[in-house]
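Encoded as structure tokens, the structure appears first; notes follow it.
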């Protein structure tokens, strides 16, 4: 039962981006297109699940004083493994995402979940948490990316959705547009929360 | 002559034309007076009469209850009919002694000291204290206390405040015009008491006739001078006047004596003269009854405690609907809920406004236009204090100058968004005091 | 096959590709571990773990009801200086229990209190005005000018400072402009109590339903003239005399209930001539009923009944007039035969 | 002292395990990645000058000589040019013919602003390089007049400059090294022709 | 260009043109989280400057003298993040001991410097080849780390200044906190666009 | 309560200046520029300005309705924002430009933070920055040619242009197709200078000649009256000065910001203005203060109450900062004009400047 609960909470109730506000940097940096967003989301989910498993396994043998160094070592290892394996086995996808993969290391969601969840819970729940949070992250990222890609490029997942006459609003693809889009999405979340 | 002034300030219309030309007139004796036990800064006076006692005009009815306190005297002869809460000229209600007059105005005995200038200083001070004189510009600080600075604060300068920078009011102007010599004598007496070498009379440029007259009278006096001042509010505030006249800056939170200066209102100087020469207690003063609704604006010599309603009646009543009653000047005076209150020792004027003048606009958003910052004579950030108080950030309010504000109202006067800056600051001061108390 | 895939690369160049990096990074790890261990010793700060635990146990509303700057402040003050552990109003008994466990103290939770107004006026139609106030819409600011805009200088000004102070949304304002406290939401944090410049709000135990709805110290005729609802306390003292447990005192024309003594019988409310005392439980209390079999007709109950609701001949079974009984339970304890029940 | 060692050793252990794992993964991904990279580069070259075989020349500028697969005749050269753009280095692979006229170019790596600079990878942009000679590689914003110049990308002049100037600079270097190379002496006549044309 | 000229152009680039937060999307979590009060923003800024400078130095040494000689560049992420984590924890302990007030106000954000992408970002940027193929040497790496930290602090302070001011206004409820913070960041990023394409 | 006397806190007198008349007075002060713009570029300038202003007002009203707060569009601040935004768009821009800009300026720049007085940066400038980032090509091209004269303001353009055309087509394109500041910016590009000088042949320093032409007295006259290409509100230094004089007379703006802003630009362009190889021209500082949006920026945008410092010293720092950045962007930046970005940037700095220049109370000694 709790497995399902841990799995679903990350999607809306404790959405890592909109609610917990973690992992801003990759959110803003990789949401220029839905394609990037999905790739980033999946890669992050994979690392999140792996590191959650591992950290919940070792939680009892890590002394507090070096907890964080140990966690980052774990996370960095998984990220590097993902990076290397993707480059070797699925080079095409790696090419379009390559730049963002090392960024996963510093995605605070992963360390955040390690600190807040995995080191307090058992393996099963940690897996659920990892998957849920990862999905929530992917979802939120895709929402931001959808807005940015449609407004800034007239396309969605590289498919033209706006007429040719549409003069793309380039700002949505730039840094200011990223900030403002996410800001308004969060305000929207707040408004919905208030209404409830 | 070069006009002096201070940094900051505003230029409200002076509106003195209503009553400036009206000579001082004696107001009729009131039927009843309420003499408040606290008309001054300091502890309230202690009554020495009880209900039913017969009193004479000028008789002591309440005495000072401490060093910073004041004697109060009956302003008419008659019977004490109540000691209870009565409306106070600052709008609230407080304890007062009510005297119902017998209409005869029987006085206590006065003297006429021929050599009053040569009285010993201690005697002079005693007479001032006995007469119950406090600052007559509005704040009401007991004069006797002001004239007794501690040994380590020598006073070298006395400034008489004849600025009357508040719009509408003309009582000081009329007094200076009609009793110039007595005021100068008062100044000399004060200088003698505090052993000051230099005396100034500060007068704003909108009273050129008085400046000229005073200059003529003082031309032979080497150590006395008239200081002409630019027309700017709040020129009459103590610290600003001292700066304008002497370029000395009174430290924040300090008193004028810190820079060797004593400031007295011209009315106070006149009362000091009368008290020392005649032993006359402070039972009457000059008050301007003015404003557009008043049928015949006048400067009245009226007994302390006379209800404002009677004074307005004497001025012919009102000729249009009154929207607001202001005790004191319109910049710092108190709006009253009714005309029931009686005048106090600090009541320099009663300004009536019609409904149109009285109406205020709704507060808008602060534009950060900084007009308030530009005019603040204390160099504070009024808009920031107000906002900080509004959002309960007392630390920021104090940083922006909450405790240095003297509530002159210049900021609220200029604010284009009509923000009630003074009231916010006032609220902030109360909150601050509460917080300090809570800390203890 | 799998084994081959895994071990083949290992076997081929184990030395250079695996061992070397392992040694280098391992050494790095060792060095950092040692440095951190060293730092942990040198820069050791004794943190009381209890502080963290208490913060976790507190509700985190940062309301300040405890008198500290926020929950963290309260937590550390509990640990550092012997601050009572039952000051957290929003957390209530649950929080106290948790803190007690952490601190190893026995719990002594406060009985839950809620805020109550002690004024019946305050709305647009329920206030008599002294003047037309124009200024900041705040009670605290308004009362500073000429003793406040309402005639009664003890009464509610009506600019809702209390509502603005409430972080739990427990105070609502109705169409009349009157304020209502939602007992369910009220946590007795006391923010409204501090916000009211007229000191009209007091925290009273949730179990008590009788409130003196006035704070006016004005004398009799004046009090009524000033009051917007004409339901002021006029200091007549009837309630005080009637109170079966002497819980009401009158001082300066104003009656006040000592809730430590009050038994919530509601008798005072029935005698108040101005209806200033309200009893939200009136009519809802259990009524007394005498078991005829047990009653020996001693008349003690009839004598003690403040509303003369019990009647009966001496040595005969008594009966309760249910309409007159207000459910004050005075008779129950006094009956020597335990014949009276509340139903 | 015991704590010291404990902390150090635990961190040591984790690092060792992690590194071992990574080293192991690396040991069999590395060859593959390198192979993929080489293949990609080769593919790119083939795309720029199809049906050729390439010979690498290293030096001040590393470039490849492209020869016709059958005739072994020199068809041209390919090289990678790099210059910093708006968001970082922009790598462009270009192919020129024997007269150093551009056959085609391809932006192979960049981190430019999405929607602006990234348009440099589109054929719309790269196609205009086809057939341009060295001195036609001026961006219009710098005074070049199209069609004898490169039309800058909207809002991404810097990226355009990075591509054009990098290619220009590399062609310069290429010319220098080709003319020095004894192997290409045969080309001298065509180089001379170019001089004449100028 | 002399040393000072180079330093100046690096400073302008790090602070205004290629600001870590506004142009590179790095270090956003602390930027949005610790910018509510000027005082704590200042403390955070100083901590970040310190950590970035130190991280630049250590990471450079580790990369240049441990990883490169043995061909272990693929371990750079692991080695760098380990170094940074240890460093941050060290700094945290020092601050906790020496300035409890600062420690209190920085709260959760001190450990978050570990995952402050800006720190890892600067370490990686320092070893990334420049346009001309060269790399920063040790001195320039450290300077780059320091100046990038200054750039971070600069925008953090500006942000905190604005947000402190916005504490005193009536903002729509749904905009309070993060949403307005993000939009402010967007506005600041737009304001910094004036430096785009600057040639210094 | 109505029949009672009014009681309020002192002061009981009030200056007659209100938010409303401040805003509408600024609108009045801005109108001469519009008259000039219409004279030189036709009614399209008026149309765009109105579109901008009206859409700003509508946006503000809509948002206030949605937020259920009083609608305050009559205070003129939204109208003013829309007007200023349109003034920052060239008269040849598509009609939807001012609308998009105004919506963004009001929604994101102002209402997000709660409306009037709460905006951290000047909403009109933010709107312009938004447009420039969103549609860079539309914002930097399509300048309308003034009624008589050249975009670049060079006097007697035909004669000079023909002369130039013979020498170098690139130079010809430049002086006929670019705004004055764009010309000067291009002349700073050494590769361009080399190429046109090479076109013109041995011994002719074409760049220097253009530079001299554009900064000479006749060209300055065109700048002053507005016979150039540019944004609607930048048209005429004269019209803007007229409006500024009105505002100064009405005591609506304060002299410090415009004086120090323009002064800084004047001094810095005197020192760093001359381009490489060109002779020194005493007219150059005048060119720089009359060209582009400096007058508009210094008098109408930098003086925006909400986004400039509260304190007098702060305003001086603010203005000098604006001036410095304007010159930096014009001389070494990626844009020909730096007024709007420099003011935006300094707006962001305003709270810090206020903090630094917090006044000490009269009679208080600094601790």
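We call the chains A, B, C, D, E and F, going by the order they appear; numbering starts again at 1 in every chain.
Keep in mind that, in the parts below, contacts are C-beta pairs under 8 Å (C-beta built on N, C-alpha and C of every residue); 3 or more make two chains touch, one makes a residue touch a chain.
Note that this is a predicted model, so its numbers are computed, not measured.
Note down the smallest number of touching-chain steps it takes to go from chain C to chain D.
1
Could you run down the chains that neighbour chain B and chain C together?
Of all the chains present, those in contact with both chain B and chain C are E, F.
Have a look and report which chain pair racks up the highest count of C-beta pairs in contact.
The chain pair sharing the largest number of C-beta contacts is B-F.
What whole-number Å value describes the gap between the mean CA coordinates of chain B and chain F?
Distance between chain centres, rounded to whole Å: 51 Å.
Between chain A and chain D, tell me the centre distance in angstrom, where each centre is the average of that chain's C-alpha atoms.
33
Let me have the rounded angstrom distance from the C-alpha centre of chain A over to the C-alpha centre of chain E, please.
So the centroids are 21 Å from each other.
Among all residues of chain A, which ones touch two or more of the remaining chains?
65-66, 69, 73, 76-77, 80, 84, 170, 174, 176-177, 180, 183, 187
Any chance you could list the residues of chain F touching two or more other chains?
Residue numbers touching two or more other chains: 4-9, 108, 112, 114, 117-118, 130, 133, 136, 334.
What are the residue numbers in chain E that touch two or more other chains?
74-75, 78, 82, 86, 89, 169-170, 172, 175, 179-180, 183, 186-187, 190, 193, 196-197
Judged by the touch rule stated earlier, which pairs of chains are there in contact?
A-C, A-D, A-E, A-F, B-C, B-E, B-F, C-D, C-E, C-F, D-E, D-F, E-F
Contact residues on chain D for chain F in the complex?
It is residues 116, 138, 142-145, 154-155, 157-158 of chain D that touch chain F.
Once bound in the complex, which stretches of chain E touch chain F?
That would be residues 38, 157-158, 161-162, 164-166, 169-172, 175, 179-180, 183-184, 186-188, 190-200 of chain E.
Which stretch or stretches of chain D touch chain C in the complex?
Listed in rising order, the residues of chain D that touch chain C are 3-16, 18-20, 22-24, 26-28.
Going by the contact rule set out above, which residues of chain C touch chain D in the complex?
Result: residues 9-10, 13, 17-18, 21-22, 24-34, 36-38, 40-41 of chain C touch chain D.
List the residues on chain F that touch chain A in their complex, please.
Residues 108, 112, 130, 133-136, 138 of chain F touch chain A in their complex.
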